[in-house]
Amino acid sequence: MKKLINAPEAVLADALNGVAAAHPELKVDHVNRIIYRGTPTRKGKVALISGGGSGHEPLHGGFVGLGMLDAACAGEVFTSPTPDQMQEATKVADSGAGVLHIVKNYTGDVMNFEMAAEMAEAETGVKVASVVTNDDVAVEDSTWTAGRRGVGVTVLLEKIVGAAAEEGRDLAAVTDLATRVNAAGRSMGMALTSCTVPSAGKPTFEIPDDMMEIGVGIHGEPGRHRVPLAGAASIAQQLVEPILADLDFTKGPVIAMLNGMGGTPLIELYLMYGEVAKLLEKAGVKIARNLVGNYITSLDMAGCSVTLLKADDEFLKLWDAPVNTAGLRWGI
Amino acid sequence: MKKLINAPEAVLADALNGVAAAHPELKVDHVNRIIYRGTPTRKGKVALISGGGSGHEPLHGGFVGLGMLDAACAGEVFTSPTPDQMQEATKVADSGAGVLHIVKNYTGDVMNFEMAAEMAEAETGVKVASVVTNDDVAVEDSTWTAGRRGVGVTVLLEKIVGAAAEEGRDLAAVTDLATRVNAAGRSMGMALTSCTVPSAGKPTFEIPDDMMEIGVGIHGEPGRHRVPLAGAASIAQQLVEPILADLDFTKGPVIAMLNGMGGTPLIELYLMYGEVAKLLEKAGVKIARNLVGNYITSLDMAGCSVTLLKADDEFLKLWDAPVNTAGLRWGI
Amino acid sequence: MTAGTASLDQLTDWLSRFRDLVTEQQSYLTELDSAIGDADHGSNMTRGMNAVMEKIGAGGAGAVDELFKSVGMTLVTSVGGASGPLYGTFFLRIGMTAGAATALDGTALSAAMRAGLEGVVARGKAEAGDKTMFDAMAPALDAFDASLAAGDDLAAASSAAFTAAVAGRDATEPLTARKGRASYLGERSAGHLDPGATSTALLFEALAGALAKG
Amino acid sequence: MTAGTASLDQLTDWLSRFRDLVTEQQSYLTELDSAIGDADHGSNMTRGMNAVMEKIGAGGAGAVDELFKSVGMTLVTSVGGASGPLYGTFFLRIGMTAGAATALDGTALSAAMRAGLEGVVARGKAEAGDKTMFDAMAPALDAFDASLAAGDDLAAASSAAFTAAVAGRDATEPLTARKGRASYLGERSAGHLDPGATSTALLFEALAGALAKG
């Protein structure tokens, strides 16, 4: 395993030291492993908290700041944080207007956030609402299973809902918006290589040079299908088609994200975005805004994902609102 | 070779399609492979042009926009662009106030930019000045050799000098500033793995799992030394020490960049930044500003580099000035 | 029904043995999780059980409820992921059900573990055949009860539970997962043991060891 | 001094053979550049010489100056890197020196190539022993001149040039580079052939082939 780390057990603590050193505008609670904005939540503003396993950077810590999250809880690599972390973040970030938990749909994340919400409400009376993102079309949606994974839409949701909270919308309105954003988005990912979890010390899966995984999530899990390696145009098609088959994106403007998995350089991400944009144009999908880059990653995995979000005027206005975080910044 | 590409020969053209699709605010000349700002250079503003081989993204195309470059010429992967590209960019971007060529010190880049400057001045009378960056302490500085490579300082220089050009400084002043910025900065890089040049089809060098390269540049070239793999703290020391030995950074504020080589995830870059910040504090170096991320990359190489720049009040003011590019954005 | 009791020391030994087993088999558990999950089950369980032993090693639990509530809370706050809340809830419920006893007889231990299982189901909504830790835990408890009902002592009952947990674990191999991370793989999840069911088999191996005669 | 001339067709054949050789040896040139450079010399030369042949294949160069200026400009505008300006300048200067002839005798060809070499030096400032294409090119031209001076014809002179280029190429192996990318490696550059010197040996192999007797 070749990584810029000191020791597998120390990855998270050491990385949080780096975040604290790099971002004096943020507050890092090293004991509870929480990243907060440097200034307390404005009175009356709903607080947005997210969190999850580490290894997906800039998600979520990189999205803490004006216009997005109030706090992010960092779990061990690929392991949901624990309820006490979330409860602490909830208590600290609440300004009295309540807290929205933004949870990606994984069994661990959902259970830990549920426990945190129970604990926070019971102990401190903070009003807690949750939204669970589940946008990954690689996974069949069913009430008999764990359901779809929460992936790329989480990034777009944190931006859009963050802007609405900044506007002063109340907890019910913010929660409703979050639910609508989640419902309007779909994602699909692929991997050329596995990632390596530091504590595991070797790649999560082996894959030959002439194969790739289609339908991966963001935890180095194998995908739904292993298929022959193909060119960028074909890969784009294998990602875009299932998304368009799942939801109609032709009726209005769309926000598109071409996301890298962490080990893929920007030149390839732009190249892929060119292919995706071509396919979407052909399919009658109009891209109003886009993001190309590493936003929700899977350690050092090489690969990418496509996320589309139906964006009406409300979503677009909130998207364009100022944001000032380590991972997304504009208008300020 | 596992890459998100269609064909090795098509990488650059396809990636430029993606850039054009992702950035409607930019203009892409696909024939000459030049990325311009969407709006012509303001009358009286010195135009900043850079360029180099592709594979270092976001450098340079990602730094075109208000407050940084006016145009960037993209060469083939790791191959300097050609004089006709640079000449065309020079002609188009000039507003009458002259053009500064920002050139990284590589034989090919220097020669091609020299030819471009000769051609542009001869044919169109555009005033052209150049600055050649050469900040890499891994390479001994000598007039008998090609000298030091231009690496990380190029990013900081494009930002600082871009802000000065935006202020309306004339060509002589802008060139003088560029020279001073270059003289005040030093960098040092390392690699855990080789990158793979698409047209070569396989890694540029083989390296065992327990070794790393210290003193690499940004072209997948082997480094100055191959040494045993070490922890992040030791790697930080191997990068910081030669920089501090080369120039005194203790006399005033410093801008620090912890740059990823393209294949290293953000969590490791933050972790490395934490180690570097610790060492600098111990050495009495005061970091006033920092950047952590992938800014000047080497395709899919895993590794990082450290850049330090002595930054007086003038540099810091220009650093903080608004910038609006795909790769760096604040204040706007 | 039952012969003998499990003392506080034996119950502590259960936890200690469980820690040793997950530590020994950390790589194996992570390997199983690599195939159909995210390669962290081994380090999750090791981190959690080390935290548990550090906590209770400090000593001081005077009663079963105190011990297991502390174990449960430690797992909940140190593990994360799916296994943290699930194993955490399992032990929390044991603590809540067992009361302030200093030893548990077979009936009491059975009732406590049943409550634990119900807690796991309440949190995770798993059913038989979903390819989760439930598939090792439920048969283990059934076998434990059946053995006690047949007049066996705690040593025999816990050994029967272990055997059933192993069978339950092995039976997860052909299953297509419907819960947890492995469910994302669809049919590709078949042909692999479930990591959580495997650690649950270790849980009952540890119990059998702690309650073995002599 | 000289016997025979190189016709426009033969000079065109030189270029065509050079294209074929760099194309054939693209991987080899890139491999050499991988060891001490950036793994692109093979693709640079192939891209450049293909562009050249496409340009002049369209035909129409009526004279030597026209032909080589076009070759030089095409290399300069299609290759980039170090080899683009260097080989480009080499051919541009040949064109500028040769004048509007339709054939070159030995003296004229020698003068033209010398001017080319001077252009390479003017651009790249390389000296003997810097481990660059200069180290193959300079001895090749010296051998060419010496052979002509000895009364040899163009075929023999170009063959002598080729032999000297190969020797010059081989002599780069132990050198520590002082120019170009390889210089960044310091002492680690020793023990490898210089890629540019290797392609220059192909340039003279092509010349010898084109000027060989019938």
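Note that the chains are named A, B, C and D in the order they appear, and that numbering of residues resets to 1 at the start of each chain.
The working rule: contacts are C-beta pairs under 8 Å (C-beta built on N, C-alpha and C of every residue); 3 or more make two chains touch, one makes a residue touch a chain.
All figures in this text were calculated on a predicted structure; none of them were measured in a lab.
A.B. asks: State which chains count as neighbours of chain A and simultaneously of chain B.
C.D. replies: none
A.B. asks: Could you find the chain whose CA centre sits the greatest distance from that of chain A?
C.D. replies: Farthest from chain A by mean C-alpha position: D.
A.B. asks: In terms of C-beta pairs in contact, which two chains are most connected?
C.D. replies: Highest contact count among chain pairs: A-B.
A.B. asks: When the centre of a chain is set as the mean of its C-alpha atoms, what distance in Å lies between chain A and chain D?
C.D. replies: Each chain reduced to its C-alpha mean, chain A and chain D end up 55 Å apart.
A.B. asks: Measuring centre to centre with CA averages, how many angstrom lie between chain A and chain C?
C.D. replies: Between these chains, centre-to-centre, one finds 32 Å.
A.B. asks: Roughly how far is chain C from chain D, centre to centre by C-alpha average, rounded to an integer in Å?
C.D. replies: So the centroids are 75 Å from each other.
A.B. asks: Are the chains arranged, by touching, as a line, ring, star, complete graph, or other?
C.D. replies: If you draw each chain as a dot and join those that touch, you get an open line.
A.B. asks: Go ahead and list every pair of chains that touch.
C.D. replies: The list of touching pairs comes to A-B, A-C, B-D.
A.B. asks: In their complex, what parts of chain A are in touch with chain C?
C.D. replies: The touching residues are 8, 53, 75-84, 106-108, 111-112, 114-115, 136, 138-140, 144-146, 149, 197, 199-200, 204-205, 217, 219-222, 224.
A.B. asks: Which residues, counting only chain A, touch chain B once they are in their complex?
C.D. replies: 1-7, 11, 14-15, 17-22, 54-55, 57-58, 62, 192-193, 209, 212, 229, 231-233, 235, 258, 262-275, 277-278, 287, 290, 292, 294, 297, 299-300, 302-304, 329-332
A.B. asks: Once bound in the complex, which stretches of chain C touch chain A?
C.D. replies: 30, 34-40, 42-44, 47, 76-86, 123-124, 177-181, 183-186, 188
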